[in-house]
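Reviewing the structure listed below.
Naming follows writing order (A, B, C and D), and every chain is counted from residue 1.
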Amino acid sequence: MDLEFTPVETEFRAEARAWLEANVPGEPLPSGDTREGFAAHLEWERRLFDAQWAVVSWPREYGGREATLFEWLIFEEEYYRAGAPSRVTQNGIFLLAPTVFEFGTQIQKDTLLPRMAAAEDLWCQGWSEPDAGSDLAGIKARATKVDGGWVLDGQKTWTTRGAFSTHLFGLFRSDPEAERHRGLTYFLVPLDADGVTVHGVDRLDGDEGFAEVFFDAAFVPDDAVLGGIGDGWKVAMSTTGSERGLTLRSPGRFIATATRLVDLWRRSGETAEPGLRDDLVRGWIDAQAYRLFTYATVSDMVATARPMGVESSLNKIFWSEMDVALHETALALLGADAELDAGSPHASDGGAWMKGYQFALAGPIYAGTNEIQRNVVAERVLGLPRK
Amino acid sequence: MRFRFTDEQLELRDAVRDLLANECPASVVRAAWEGDMSGPDKVWAGLCDMGVVGLMATEAHGGLGLSDLDLTLILTEVGRAAAPGPLVETAVVAVPLLEKIGGSVAETWVPRVAQGESRVAVGLPGESLVLDASGADLLLLWHGDALHAVDPAEVSITVETSVDRSRRGGRVAWEPGPQPLAVGEEGRRLLDAALERAALGTAAMLLGLGRHLLDVTVTYATDRHQFGVPIGSQQAIKHKLADVAVALAFAEPLVHRAAYSLARGPALVDESARETTAVHVSMAKAAAGDAAELAARHALQCHGAIGYSFEHDLHLWMKRVWALAAAYGDARMHRERIARAIL
Amino acid sequence: MDLEFTPVETEFRAEARAWLEANVPGEPLPSGDTREGFAAHLEWERRLFDAQWAVVSWPREYGGREATLFEWLIFEEEYYRAGAPSRVTQNGIFLLAPTVFEFGTQIQKDTLLPRMAAAEDLWCQGWSEPDAGSDLAGIKARATKVDGGWVLDGQKTWTTRGAFSTHLFGLFRSDPEAERHRGLTYFLVPLDADGVTVHGVDRLDGDEGFAEVFFDAAFVPDDAVLGGIGDGWKVAMSTTGSERGLTLRSPGRFIATATRLVDLWRRSGETAEPGLRDDLVRGWIDAQAYRLFTYATVSDMVATARPMGVESSLNKIFWSEMDVALHETALALLGADAELDAGSPHASDGGAWMKGYQFALAGPIYAGTNEIQRNVVAERVLGLPRK
Amino acid sequence: MRFRFTDEQLELRDAVRDLLANECPASVVRAAWEGDMSGPDKVWAGLCDMGVVGLMATEAHGGLGLSDLDLTLILTEVGRAAAPGPLVETAVVAVPLLEKIGGSVAETWVPRVAQGESRVAVGLPGESLVLDASGADLLLLWHGDALHAVDPAEVSITVETSVDRSRRGGRVAWEPGPQPLAVGEEGRRLLDAALERAALGTAAMLLGLGRHLLDVTVTYATDRHQFGVPIGSQQAIKHKLADVAVALAFAEPLVHRAAYSLARGPALVDESARETTAVHVSMAKAAAGDAAELAARHALQCHGAIGYSFEHDLHLWMKRVWALAAAYGDARMHRERIARAIL
């Protein structure tokens, strides 16, 4: 065991910190889940790409730095420490890209990845449908084989930032006879294709962060298939694994939240109820534990050259509930002022805690509800009998 | 010993529930978010007609001469409908305050407020905003222990944005005039009573908000199918909603008991002789706030993504819960107040 | 609404308090779930009976005072306030007796109730079997009709104080063809009958509080049946309702625990962590809420002449988890000394908190686990669909 | 950066696990409750033979010259087996303490303790009892900042009864002699180190206790049928045990990290520069204690009445958890210590 960073890692951290300190906007950008905010975030994404910070762990040929997993963790820690803008490209680079690296043809890699890294193509995820939420195998959107490609029909919903994206990756039922997890295929779809309609949907917090996407005989060519025909479930599960696990919620995010919470306490702590002190420390410990758990997982992955395993479900439960708890403690510290939203003259930290709380509440729902995750932990980690 | 409302009290509650079912569907709450107050104004007029706004006013001032105890079930119905408007601040706080001050102030304002001809806004120390300050004809504001009746023309208002957009209000800047309505010990006593009433009235509203959130979630969980079964047949959903039912069931008697205590004094002598009206109010606000927050949390989780969308009505109730659970002392503040009383 | 006690109620309280102050042993009795403790408790029971305090709500002819429900609540408050011994007769007077009042013949009432009140007959409950715990309908113990009576075979288990009791009430399968809830009959069995063997079992806390009871062709006469033949489930459920609800855990018990906890805080509070203050108040509020909920239920029962309803499941969940929480707070206040058990020279309050904690942990398990209770609340109170 | 044990460390852990699987079944723990220490004595001898008791002793004193980091996985195995005996107090606290003092004291006692020829008992301030005080050949006792080596003949012991009867010990009355081993600043530093080590070693044990409780409950819930299905197929059971798995999984790295910090210093520089070894130890003890208590609570609930009986082994582990979660600072005390450091 060696908990010293190597000189290379330390140098990497210093470089990232210096660049971020020089480049992160002084004022927070407007929300990336609104139209004007999205544009500002796109600009930021391109600045990141130009400085080679957009996709640090990718090969250099696709715009990366070939950073190790630990360097990636370090970059994320510095990114959140600097209060840098949220990544509107994240569904592409964190969810789709690992799948492309694993299942894509060389041509798909060469075509898709550089444009994704440069934020030229903006990807959204097309998993959920009105009747397929927790039960993803209930997907009904269809892909029908035609000459030279496929015709897509159906509807996707709860598509994060769908209204601002250019492309969608999603699952469609290519074999109408097959049931549940079988007969699904993973497609890559440009949202400007004929027959595709995107309808923005406002979220809980008022931002247009969701979309419904309708497919009405939309044609895509054969090379829009990622992985094998009918292999969609397997291919998608690899993405879902990374969504739950390491890449979606990096520890740096929660360390930064816990640190901001300590700062908030220092500003308001004298008037706070004594019990909040214990809650605050609980949240702070959890953030440290999450970081260390991730470090242990990564150390093990590096040492044994294994991929992320079932710990991704443990992870998802832990970070999503920690995130809610950290924000609850912050709102309790704010007392009556907690209700003051962004745009309120007297809102503490510009209303960031209330906004963040609403965002955090999505955590236990998306990427597989925590009820599903607990089933997964019980059955696959502990070996309890299925229903 | 009879810990039960009278049939008359239950009938008045039912009448208010009927009014709100007709006049205050979710669309009215949603319209208020966009600044369309025609619906809430109509509801307010209806409540005035039924005597609810002036319920605690004396009959001489056009009121019903009733008490916190009579009002509590009604406030729960108002919460259940998430009806917008400062009913707690008006009917529960301002009316009895003006009555207590009496004289020409009461004679002038109470009848007009009770009949809905005038609006009054109340600013209590520690709150994030003075609700409906902009539309008020009279402001009741505190400066230390001194209570002032303030002309809206003499204040400047900085509008604040609540996460619940149907809660409209702001910070009020003003100069205390030379003639407060009450000062010193008397002012302090009035302030304490106002704070207790605001907390208890809000607790009663929270109960209703929680009930509504539980009801709609039960309906959704019964209708929504995943994995070939209603999601509400799964234990994970059942047990969450059972927890909400338990929390609301045991918060309710605390709210009713505090209303009695405010209306008639503590009574119910027993082992826990440390009890005072303040302790009763704090128990009610802490328990009702926690129960409603639990209801909101589980309602969203059981709804999943659909509940997370703006188009769905769920968030209108959730955000009211967040605002009211924090208003007039959150659960921890009230528990700390109890700690100081009993430890 | 009227939260003043009537003069009659106040007088009743004063009389109870005076008698208890004069008669409750100064030193706590040894545990009633040990042999020597049981004997001491029996003596106490007989003293209660002689002074007409054993069964205050019963008719005078059976040894009661015809106390109203509120007077019964008042008596219980005074009983716990006085720190009076736990009732080793409780399974009879609180669980069996209501069933006898409802379903018994006049002869059964006249025969059973006075001896029960006087602690001459000591009743234990025979519900659970090795394979029928939460799933009570899985009962296998059999009753076979013979001339003039029935022959019982099978095993009951987790029978509280079975080793010290003289009689058992329990469910037996009288119709071997019927399944689940059907074909069960409610029997009253003397434990000294031929073919009945009682084997004491030590509990978690080391006391011999449990028993296994074996039936090997034990004969009971026809009048050992309570209620109709084959109606056992219906009859038993009426008892189970009162076990969960009003009678088993009266509010006075938890008010007394909360009061003792406040006293403990005052003795040790200066060194306690600030967060414990909030926990303590939570528990204290819960005890008040439980009392008020009970008062509201009783007021409604009195006003509408209705029996206890589904609130009994809400009740059971609430009191059992409150009881655990109150004891957890107490143990946290004790810190490292919490582990000191009864008999330790330096154990705080004679080790009562650790003993009480272990007892409290049984609450979420017995009388229908809280998992079952939550199903009941979800299905019968809220109307959610059954599995 | 490599947050992972070496293969050698894992192999030593496996060897200890094998020893305990053979020599310390539940019947040995149960026998210790009745005062039969033949089993635990054999386990202790085995641990001495493997070098575990003297693991932190220098090689000159017959030890392995290893550190807290090497010991932590072993302590978790000892916890998993609920092996009776003062291993934390001996191997983690007393041995490095004696080594630090050095000189003839270390030369005399360390080799004998490491080989199991002598037993040493340690009394740290704030604890409810001095474990195994009666059988000790040497007592290490604190008087304020002063550490004393005390002859058992010179003390009187009041035996206390732990809820975990396999924890034997009592209060020790004694008169400090004229020649303490350390005083003042040095004594304080040794005491602090002893307290950190005791807390961390106990945290490592708690992890193992929690793992065992989870494992046996998974097995029981798989085998036990009610309503025609294994109870472990019900979500209510599944989700409780999933929560235990999560709590243990996230407590574990905190324990390992604290062991590193004690052995080699804090390192792992980052945003949270407020971290010190004391904070690391407190995080570990708080999280491991809470996780083990959750494991105990849910284990009992999932077992139901059978787990509540004395004959079943479950309570042997549960009671150890209750005792150890409270020993050397409970979770709240450690969180309060962190609060003082970071707020």
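In this text, a residue touches a chain if its C-beta (ideal position, glycine included) is under 8 Å from a C-beta of that chain, and two chains touch if they have at least 3 such contacts.
These numbers were taken from a predicted model, which means no experiment stands behind them.
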| item | value |
| --- | --- |
| Most widely separated chain from chain D, with each centre as the mean of CA atoms | B |
| Contact-richer chain pair [A-D vs A-B] | A-D |
| Chain A-chain C separation of Cα centroids, rounded to whole Å | 52 |
| Intercentroid distance (Cα basis), chain D paired with chain C, Å | 39 |
| Per-residue multi-chain contacts in chain D, two or more chains | 234-237, 239, 332, 335-336 |
| Contacts with two or more other chains, residues of chain A listed in rising order | 273-275, 277-278, 371, 374 |
| Chain C residues within the chain A interface of the complex | 273-275, 277-279 |
| Chain A-touching residues of chain B, taken from the complex the two chains share | 126-129, 158-164, 167, 171, 225-227, 231, 234, 236-237, 297, 300-301, 304-305, 307-311, 315, 322-323, 326-328, 330, 332-333, 335-336 |
| Residue ranges of chain B touching chain D (in the complex, touch as defined) | 234-236, 239 |
| Chain B residues within the chain C interface of the complex | 1-6, 69, 214, 218, 221-222, 229-230, 232-233, 235, 237-239, 241-243, 245-246, 249-254, 256-257, 260, 264, 267-272, 275, 283, 286-287, 332, 335-336, 338-339, 342-343 |
| Chain B partner contacts - residues on chain C that touch it in the complex | 1-6, 9, 70, 77, 81, 252, 255-256, 258-259, 262, 265-266, 269, 277-278, 280-282, 284-286, 288-293, 295-296, 298-300, 302-303, 311, 314, 317-318, 371, 373-375, 377-379, 381-387 |
